[in-house]
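Before we start, here is the structure in question, set down as structure tokens.
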């Protein structure tokens, strides 16, 4: 996960300037439905959307990937989307936000995508206007597959309601991708917790650090969604969101708060893991030092004693020069002294609970 | 206590979809009372509740465990409960909240259950409507046993008042389960504090960590109850809660704040315990190192000296080769030097307060 | 100071239930005064209070200790005090708060009592109604002795004013007990700071920890008093507090804020002490390790060298076997080499500022 | 980056006193344009500006560097700028702020300049009045070069709009200089993260500290810009900012929030780096101590044993004096014992995962 | 700087009681001026002030030091100052605050005085009433010398304006004393930062701690001034402060916020210094341990080897007893083995970048 992922222009560039598309690879799908019928067009050309937009059915245009400027501008003109919104769609890495006008709603969301133990954030931009919803999703993972299936599979609430209910479903779906992500994090934390106390090695350290960093970055990207849903709930100007849909948005608000609280809790927990790691390392050091001290303390004094009787003072010169060497029980006495010393030390260690 | 305990649907699922019940084991008890009479039905079938709901007495239906979809839907229809509320009852692990309409109140609470030194959170969902209170409690511990006893044992305030007072009593009871929990925590903290300074071993470390983690998770689950009670107090739309009951809710508000403040204090204290642990480990390391240093410093220099006189330079070759070995008082002089060195070191350690 | 000191009922108990008094030991004093006269009744029976309450003088009833239920109920009836307030008086360990009605004010305060280096919190409950102030204080320390003296000693402002001014004086007195407490803490912090840098031993550690813990607990108990005084200042409903008394409450507000800011500062400072302690322990460890390293580095290499010349290779077998032993200046050369090594090491230590 | 960079007067100095210019080196450029024509005057004298200010075109005066008091006073008189604003322009190191009057807007911004791995903050002061924008920028880096180019290169939106749109473009440009700066920081953090785990040496430590310090100082200088843009958005008194320009300021608001959130995230991350560093150092210490302990534990006990058989007890005096020396397999037995000890130790280390 | 510096009465003392003056040493200066004339009276008696107060000129009475109760009461009566304000003047160590009435303003400020590397806080109390300003300043440093000079030196704005402008100038002066103080702190931080990484000894530690403590205490004393200036700005009741003076107070507000932000930044930075210190100590420990480990690892194994050949096994008893001693190249072989071991170790250290 990159620390810096905002695409920006050089300071002083014209406002509304579009960034160059990175890949130009994109697909445009269109669903047009009411309670009685549905037509699905995959990989449709942008110019062929117009008749669907104009009819009275709900039209949903989903743009996956990195659209060309041409396609964007055509779409923007057909639906009367403001230049600055189009700039936000292209310059990915935007903060989630919502712009509510009387007849239009423009929303930007962060979609956490979890892939091979790598997490990254894709930007989902949603635009709701008279009967039409346009959704843009960067990257190549389409988060709305299940909604397409629900629309096609039968006449449910989603088919009977208007575009605002589809709009809510899209937002709710993007936000709910937080839950499986958090479940993965909870498992990673639990695994690390166990490893920490057993083997606090460098690998675990870098994993804890990576986890903390990821949670920090994801929190920053998801946090504004709370405020976003809140703004939709409080809004009194827009005419499209019905009271019934608003009640669903309240449910969505609960989800977004749950996700943020879990993220906060996990972040705090990971900071705790770092402290736990440090303490665990200190404990290990204590263990290592105890071993060293026990060994050194047991053997250094006896080594001195045997050193004494390795001296070469000449017992012939004087009676005072190492008479012990000539003593019958000298050798045994030395062993007795040494064993007493060792036992004393062991008793000391036992008392201080080192062994 | 699990890090992640929210039951959720795959992103894109239909809103209002009910999660599969885990066990299907549940019981449904009904109490129907006024000041003059009370009738209690245990393990009643959901379809037999209707006549009680319709009469003018206060009716309390308590559902313990994991109800089937059938039972829930029947109950919801009979009492006019919204789909999204029923979803919240089933998808346990919800944030505490309250939804206040003119004629109904729906509340979700977190019930901390303390069992064999394990703490877990059960979800209690309460629904108040005209004369009727429905309570759902996950798990198999029924927190309301004492209230049933109070209702049955005589004609107190609880029997004379309306359903809103029963509703308050249920909320108050769930919140008050925080106090015995906190008392347990205070004892655990006190025990750990004592152990910490004496024997900062791995076991204590993992207990401190476990405690901090539990407090973090419980705080997250109980915190929203503060806001919840506050919302009931501020509410001016609902017609059922009488001013007299509101005064009781103010008392309840004091309790919920006391609990949160204690949780905060304990959490901060546990963070302090972690620091205390680290410092205590460092102190122990210092002790270990002092022992090592004292031993090494006392015996390494004398070992060098006796090593010197263990050298085999040939005194016959030259007068300069180890004349001490031939000296009458050589051996005694060596001992004197060694003892002086040791005394000097001991004085040094004394001065620096190491011994 | 206990971590958990709230007296609570089992969840599900009837609201308003009174806790059993712990000791039943209490005394009830009554002062009845106006500008011209004062009558003082010590250890008066609760039933004899009635005539004093009814007259137009200011009546102050002070209940010290742990009153019986009988006494409380009699008092409550005579003065029209609500059940829930009486419950709060008995279930000590309440959060400070104030309840303002049109004709009555009920306040709970935390009184820090400092006794033999032990701090504990007593609960003071105050009740102001038409011409009458009732004060309850748990424990056996009466904080209001000086006010009794002031009332008796002459006709000051306190005698000339109404009950609201007495009420203010009682609150101000309880709050002001924070100042001598804080002064004691400031001295303890200063003492610990000095000891920390000199002798960071276990005793100092547990004192720092105890101090931090006490400040945490006291902060929690005193904090709500800020809000409490604020509520009295903002109140516009109660008719008893005169503008002149309110001006005095503003002074009281300054005190309560000063106390909280000092508590915050001391708490932050004590956290700093813990860090300082840790660092000081690390510094000591460095010192210890330096001594060990210096000794080991000075003597281990020479020990190796003298070991070399303690080997018993037979110089007779070959010219290559330890010819140094036969060399005239061998012994002196060894000493020269050893002294050079030691000097080199000392220079190295000097350079790195270890000695 | 300096810790203290506010220029201030001695306390008690007359308010509005101008600080002595440091260098007196400055240049004054003027652009006068409407949709049809543009005239550019570089290094124009301040007295020659008057005719341009008076005409109905948009006039932009840019003062780069450290203007003399004379030039400032002349300009201030010509444009009716208040003394206190002029003081703020000269006493650089001001907090970003905006002062909105009905006809004038005065804004101070912080421009982060990144030069040879050194970051410093220059102060940009903007003044908008009827048709005229005056911009002051301390230092010698002109941040508005690209806007000059856009104005000269053709008739875009910037040429067609009024002075308020130019004013917005200048603010937006200064704010956007945050993005390249943040990108640099993200790279520095990433580099340090890698180095930390590998070689936690003193150099890395001082780099982490420097980074944290810089982020702290920059955050302080940029933070008030958030509030500043907010004030422009909320303003309802000033008549010059059109609704269309306000919509652009909302975009600018998004930028300023993104920058602050990234700064916060980076600051938190750098604190994490410090902890990571400490832990990494502890890990290294553990490694060092393990090596020492392994070596000491492997060789100290065998050294004792060989010491034993270096003793000179006289086997001739008694049969008890070191009979092993006379034993045929004595030497081999010693080696066997030593090798067994070493193997035992190695097994112990293996078991504890030290090797 | 003292931790506790509030002068307080015993709890229960009469409100408005004046603390005993500590020294009774004070001087009272009076300036009476309008645009045309000024008269200055130094060390004037308090009773002689009356005629100046009554005339229509601006009268400024400055009381330096610790006034007697007599002087204070006389002054208070002459100017109609409330008892509680006089109490605040005497009981120094008050929180900065402002009390705004329709005709009077009473303000308390904290003046940081920097003297011989010692910082302490003096209390400045200001009282503004009809045409008269009274200023009290504890201690013997008069902060307003420069303003006296400005008043005497000529007819500036200060002479032409009313008492409110003088009042603003006094407040502004006291607040601006924060800037030189902060500059000193920035230098101390910078010095400590350099010393930290080089020589993290006990002296530096206690300096960092002292700095952090001072910043904590000063922040507590200066913080309320922000709120104070804010209250003057928001006030709409007082009639003396003109809009022009209010505009100057806005400038003063910028200063007070700048000072608080710098204090916050410095405080955070000092906390960072403590961490840096700890890490630096750990790094030093690593260095020390590396030296020990290198020496021990280089010499302990060779010492064992030479110990082996110091054993006295009798080669005459058996061919198996130390045949190496009889080998022609034995001694040289031992040296070769030892040198190889040392080289191996050095290579190992090189590889792990220890040397």
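All chains are identified by letter, namely A, B, C, D and E, in their written order; residue positions are counted from 1 within each chain.
Heads up, the rule we're going with is that contacts are C-beta pairs under 8 Å (C-beta built on N, C-alpha and C of every residue); 3 or more make two chains touch, one makes a residue touch a chain.
From a predicted model like this one, the values you see are computed outputs, not experimental measurements.
Asker: Identify the chains adjacent to both chain A and chain E in the sense defined at the top.
Answerer: The shared contacts of chain A and chain E, listed by label, come to D.
Asker: Shared numbers divided by all numbers used: is that above or below half for chain A and chain D, i.e. same or different?
Answerer: different
Asker: What's the distance between the Cα centroids of chain B and chain D, rounded to whole Å?
Answerer: Centre-to-centre distance between chain B and chain D: 41 Å.
Asker: What whole-number Å value describes the gap between the mean CA coordinates of chain D and chain E?
Answerer: 25
Asker: Show the residues in chain D shared as contacts by 2 or more other chains, in ascending order.
Answerer: 278, 282, 285, 289, 292, 296, 300, 303, 307, 310-312, 322
Asker: Can the chain contact pattern be summarised as a line, a ring, a star, a complete graph, or none of these (other)?
Answerer: Basically the chains close up into a ring.
Asker: By the touch definition, the chains form a closed loop. What is the full order round it when you set off from chain C toward chain E?
Answerer: Cycle of chains, anchored at chain C and oriented toward chain E: C, E, D, A, B.
Asker: Would you mind writing out the residues of chain D in touch with chain E in their complex?
Answerer: Interface residues on chain D, with respect to chain E: 2-4, 6, 8-15, 84, 94-95, 97, 199-202, 205-206, 209, 212-213, 216-217, 220, 274, 277-278, 281-282, 284-285, 287-289, 291-292, 295-296, 298-300, 302-303, 306-307, 309-312, 322, 324-332, 334.
Asker: What residues on chain C touch chain E, complex-wise?
Answerer: Residues of chain C touching chain E: 143-147, 150, 156-158, 169, 172-174, 176-177, 179-180, 182-183, 186, 189-190, 193, 197, 247-248, 250-251, 254, 257-258, 261-262, 264-266, 268-269, 272, 275-276, 278-280, 282-283, 285-286, 289-290, 292-293, 296-297, 300-301, 303-304, 307-308, 310-314, 317-318, 320-322, 352-354.
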